[in-house]
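A, B, C and D are the chain letters, set down in written order, and residue numbers restart from 1 in every chain.
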Amino acid sequence: MTIAPTRIPRQRELQADPRTMGTPEEPRDLRLYRRMRFIRRFEETLLGLFDEGVLNGTTHACIGQEADAVGVIEHVEEGDHIFSNHRCHGHYLARTGDALGLMAEIMGKEAGVCGGIGGSQHVCAPGFMSNGVQGGIVPTAAGIALAMKLRGSDRVSVVFIGDGTLGEGAVYETLNIAALWDLPLLIVLEDNEWAQSTPTELNTAGSMRARFEAFGIPVTETTTTDVAELDALAGNEIAAVRTTGKTRVLLVHTYRLCHHSKSDDHRPEEEVALRWVTEPLAIARQRIAESQWQRIDAEVEAALAEVVATARALP
Amino acid sequence: MTIAPTRIPRQRELQADPRTMGTPEEPRDLRLYRRMRFIRRFEETLLGLFDEGVLNGTTHACIGQEADAVGVIEHVEEGDHIFSNHRCHGHYLARTGDALGLMAEIMGKEAGVCGGIGGSQHVCAPGFMSNGVQGGIVPTAAGIALAMKLRGSDRVSVVFIGDGTLGEGAVYETLNIAALWDLPLLIVLEDNEWAQSTPTELNTAGSMRARFEAFGIPVTETTTTDVAELDALAGNEIAAVRTTGKTRVLLVHTYRLCHHSKSDDHRPEEEVALRWVTEPLAIARQRIAESQWQRIDAEVEAALAEVVATARALP
Amino acid sequence: MIFSKELGAALRESLETDDRVVLIGEDIIDPYGGAFKVTRGLSTDFPERVRTTPISEGAIAGISAGLALAGMRPIAEVMFGDFITLCFDQVVNHITKYEAMYNGQATCPVVFRVPSGGHRGYGPTHSQSLEKHFLGVPHLKVVAASLFHDPREAFRGFLEQNTPVLYIEHKLLYPQNLRLPEGGMVGDLMAVKHGSTIGLSAVPRNDCTATVLAYGYQAMLAAEVVERLAVEEEIFVELLVPAQLSPMDWTPVEESVRATGSLVTVEEGTGGWSWGTEIAAVMSEKAFGRLRRPISVVASERTVIPSSRAREAGMLVGTPQIETAILEAAK
Amino acid sequence: MIFSKELGAALRESLETDDRVVLIGEDIIDPYGGAFKVTRGLSTDFPERVRTTPISEGAIAGISAGLALAGMRPIAEVMFGDFITLCFDQVVNHITKYEAMYNGQATCPVVFRVPSGGHRGYGPTHSQSLEKHFLGVPHLKVVAASLFHDPREAFRGFLEQNTPVLYIEHKLLYPQNLRLPEGGMVGDLMAVKHGSTIGLSAVPRNDCTATVLAYGYQAMLAAEVVERLAVEEEIFVELLVPAQLSPMDWTPVEESVRATGSLVTVEEGTGGWSWGTEIAAVMSEKAFGRLRRPISVVASERTVIPSSRAREAGMLVGTPQIETAILEAAK
């Protein structure tokens, strides 16, 4: 019954490579852009490696949704907790910067963040967990929030879910309890308009917003893909959860630009093309000088190249 | 694997004893009162038999809530379907009038409506079923509604749930699908302010009504215990479901006057006492002459006495 | 030493000695104190850590998972064990997965308490012993209360280790007196501890002609049968009552069967892929060629549990079935 | 004769010949046609009766229950068998209860299709074979697809009877060619039907030195091993591939074991209270004293399924484990 880890569990030092994660000194616009670029290129690299046959299993890229991860997690502090889902790479990287651990994990290597056991959907770091079974992570995140509350801390629990996950009953059981018990929980609902092959209109009756408000939970809703705006909104939300100790929802209407997992996209091309125009990196670049984003891009690229090379060489 | 019924399943002829169920000719006020009186006295008799030790298992009486059962089921027609829960006697009797089958069932006798297997919480007749596991009956009722829709009929599926059952995730999964698919389903939510020992304020965050409306499902809400009013409201609801083919909710704020199952009542005495003033039989009596309700009471009593005597004598 | 009171005391001790402990479940607070009154009094003294919930078994399990991942020690009551079905996803795909799938970087020690079992006429959905479906879930311990095991010890053990636990409480045990071994005896039977398995017999093992393995309420019934057969018919068998059903501690079973050459298992759950079949499979292998007769697995009929007391008694394992099987096995 | 296509054809035939049939599940409509493309094309031709749902496994099961109670024939796809956990309450406390608890006055013949199994690196929550937890649910049939069984026949059978069914489809079977017995042969192996159990062997049963029982993808692997051992090492065993896992048809197993005196069972699910343990328990009794050696139950390690292909291969039963066990059993 004892589960022997293949390597000693360690507080993963968040080896935040300044080339991918930036530094506290870097202007905020640049750092936010850098992190999004990092996530984007990590995932694109991953999809390339899949095609190459180096990886195994499956993967769900968050291309197009990077601003949510980066904007929200900018406000997550030591001792806070994030729960993520099948589409967790962006959240994980924004939180930890641990590209090598994640890459090795998806490659199924011992040095992976979960020794290659969890794979793409099941990763873990201090203050971060993900599980690819939808719905059930929501009460789990609420339980973590309850632990924080019982300890009298001002820490918050953040859970990311997709629009499709609103289909799961566990979500509503949790909303009820989280509202009744005043749990310090922020639900970030990333509505990317699709759940696998199913558009929201086939999945979601009525109003997403009203589903939370029915339980007395306040909802902040946005359609922005601008990380600066998301940064500001998320800052408010997390601060509000932290000070009131009550559950809130950040409802972000966004879009997934890649396929659901791999080669499974039947969406109208024009629909997708239109969203490339407002994708978060393009928007973010408008705020910064071309020379700057080019420099950042190059730094990210160099860092990722090292990660891939190192990961490939791992046993 | 084959399940051999202990008696031949038969279309239970709804042996509607006119003394308990009235006749189509009887003035509506009288018939509705009669049926409520029938249910009330059946349950009171049952509780007496429990104390006597004649019955086994458990039971949940609906004393105080008879108007919901009678008012709604007045509009349920041949081919419609009712799904009920642990507190199902009133619904069953209002639908079938089959006091003997139910009494024998609760006594655990072969002649019981389910051969003594189902017991108090699990009864069945054409167009009627109940199950004591909360939540899961709601999608089941929706599935029955879907069958009606696929067959192109104008039949409706009615499901009774309690306020506490709003805790179960299955309810919300179903609301979403029922609304998306336009299922001919009427949900009758009997909010009796308590779920076992738990008051609604400890069980239910936000607004009951809004929980349905969030899915785009219309809600008709009432606090009446007047069967005539419920009759009218339910008539509208069922007609609306029948003609539109869409899901609706009748939300009745009512009260349970007896204990939850047996000897498990910790509610403040004054709270309960206050509700006896507005209990449905008292209200209904105000509409009819004393001589009439006395006559009806006597008829019901005589009929029930026969049922008990017959049931006791059964093998 | 009424079992339900002792169990309540065990929960109280847990709350007192370990401030990570949180009790969570439906209707568990005062004055009601739970459908079977086990938690009565606890919420009054620990209002923050004894939490009554809406009717949401899935969320009870999920919130417990989160509490446990965050270092707390949730003890969840599922009002009737029948409704543990609604926790199945959390148990199988969340709670028992985390430690292994995160490669040891997290633990999720949720304890579920499930009042189970029939013989009360509660009918098909309030009488089941569903533990067989949870046996063999990797990284889950299934433990059964019995009158011969101190619930305080059980809960102390749960809090000392990190594996999720399903703790089965047969409803008919609640009003019974505990019968803990004292001075090597339980009543007129000799009682020997083998780890957490208790061996009960009227004569030394080597004079027994069969081994009987039972847990929970059935262990209580089996002990009565074993005692009666010894006194009235001079038929001597050894009853083994394990605390932990899965994974099994095979050593005491092997040792007993080596002496007796005959084994019968008893459980109240329905037959087929049940607790006893694993025991029969494993012991048929371990004791291959050394068994006097085939292992007998006594379980209830493969159907729903009738409400009717008469029909229920015919369908569920009880004293008559146990006696018949023991008489056969002891031959 | 690709399995997934034939399965799709079986579903199409069901929709065509029986207008009570309704397909229900996540992402099952065109153009996507389901995560494993089994239902592709069906929604285009039967838009009303092929219904894609929100991500609500519990409601999929519950709505199917209602359809079935109302006389329809729901066939529910659970996208990954891992998520059948979310249907457990409906299966155990609703669907399989109604007929018996209503004393035969209703039937609830829901068919669940569950794409299951590993060996694809999908990790701990998308690779499981959870059927062992559903074996022995009273009034549930558990059936497993194999390359040796025609899915059309399976679905015809399901529609002809009234018991709920859990139909296990191992994901690795989808791209394979069916290998239905033709002229008494499957490839170079003789194929004999015993009810819905297929016996495969290179030589007549009486010349076989062991019986191997396997289903699903493991049956495909086992057949390859059996063939190879016969050709290369002149070791002859009989492979039995049952369609129905629970309840079991014991007759063919008994007959084979009577001839061979040795039995090994193979399954991909984790060990402990698994399919094979019931077989070992029952056959140890039925063939008591007539077995040459203990029954061997081959199952996967009792832990989570790693994403890493290398670690997954070490943990899940595959050809090496099967071969080792057969070599041992044939001695």
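Methods note: a residue touches a chain if its C-beta (ideal position, glycine included) is under 8 Å from a C-beta of that chain, and two chains touch if they have at least 3 such contacts.
Labels paired with UniProt names: A, B = Dehydrogenase E1 component domain-containing protein; C, D = Pyruvate dehydrogenase.
A quick note: this is a predicted structure, and the numbers were derived from the prediction, not measured.
Q: From the centre of subunit A, which other chain's Cα mean sits the farthest off?
A: Taking each chain's C-alpha mean as its centre, the farthest from subunit A is B.
Q: Count the touching C-beta pairs: is A-D or A-C ahead?
A: Between A-D and A-C, the larger count of C-beta pairs in contact belongs to A-C.
Q: List the centre-to-centre spacing of subunit A and subunit D in whole Å, with centres computed as mean CA coordinates.
A: Roughly 37 Å, centre to centre.
Q: Let me have the rounded angstrom distance from the C-alpha centre of subunit C over to the C-alpha centre of subunit D, please.
A: So the centre of subunit C lies 31 Å away from the centre of subunit D.
Q: Express in whole angstrom the distance between the two chain centres, defined as the mean CA positions of subunit A and subunit C.
A: Whole-Å distance between the two chain centres: 42.
Q: Centroid of subunit A to centroid of subunit B, CA atoms only: how many Å?
A: Averaging C-alpha atoms per chain gives centres 47 Å apart.
Q: Give the residues of subunit C touching no fewer than two other chains, as numbers and ranges.
A: 53-54, 56, 58-59, 82-83, 86, 89, 93, 97, 100-101, 123-125, 139, 247, 303-304, in rising order.
Q: Enumerate the residues of subunit B that touch no fewer than two other chains.
A: As it turns out, subunit B has residues touching two or more other chains at 3, 115, 117-118, 122, 131, 133, 135, 166-170, 173, 176-177, 180, 202-204.
Q: Note which residues of subunit B are touching subunit A in the complex, please.
A: 166-173, 175-177, 179-180, 202-207, 210-211, 213-217
Q: Spell out the part of subunit A that touches subunit C in their complex, as residue ranges.
A: Of all residues in subunit A, those touching subunit C are 1, 3-7, 9, 81, 114-115, 117-118, 122-125, 129, 131, 133, 135-148, 150, 157, 169-170, 173-174, 176-177, 180-181.
Q: Using the touch rule from the top, collect the residues of subunit A that touch subunit D in their complex.
A: Subunit A residues touching subunit D: 3, 56-58, 105-106, 108-109, 112, 115-122, 131-135, 164-169, 195-198, 202-204, 264, 266.
Q: For a test of understanding, state which residues of subunit C touch subunit A in their complex under the given definition.
A: Those in contact with subunit A are residues 22, 48-49, 51, 53-54, 56, 58-59, 61-72, 74, 89-90, 93-94, 97-106, 139, 141, 163, 247.
Q: Using the touch definition from the top, list the residues of subunit D that touch subunit C in their complex.
A: 82-83, 85-86, 88-89, 92-93, 97, 100-101, 123-125, 130, 132-139, 246-247, 270-282, 284-285, 288, 291, 293-297, 302-304
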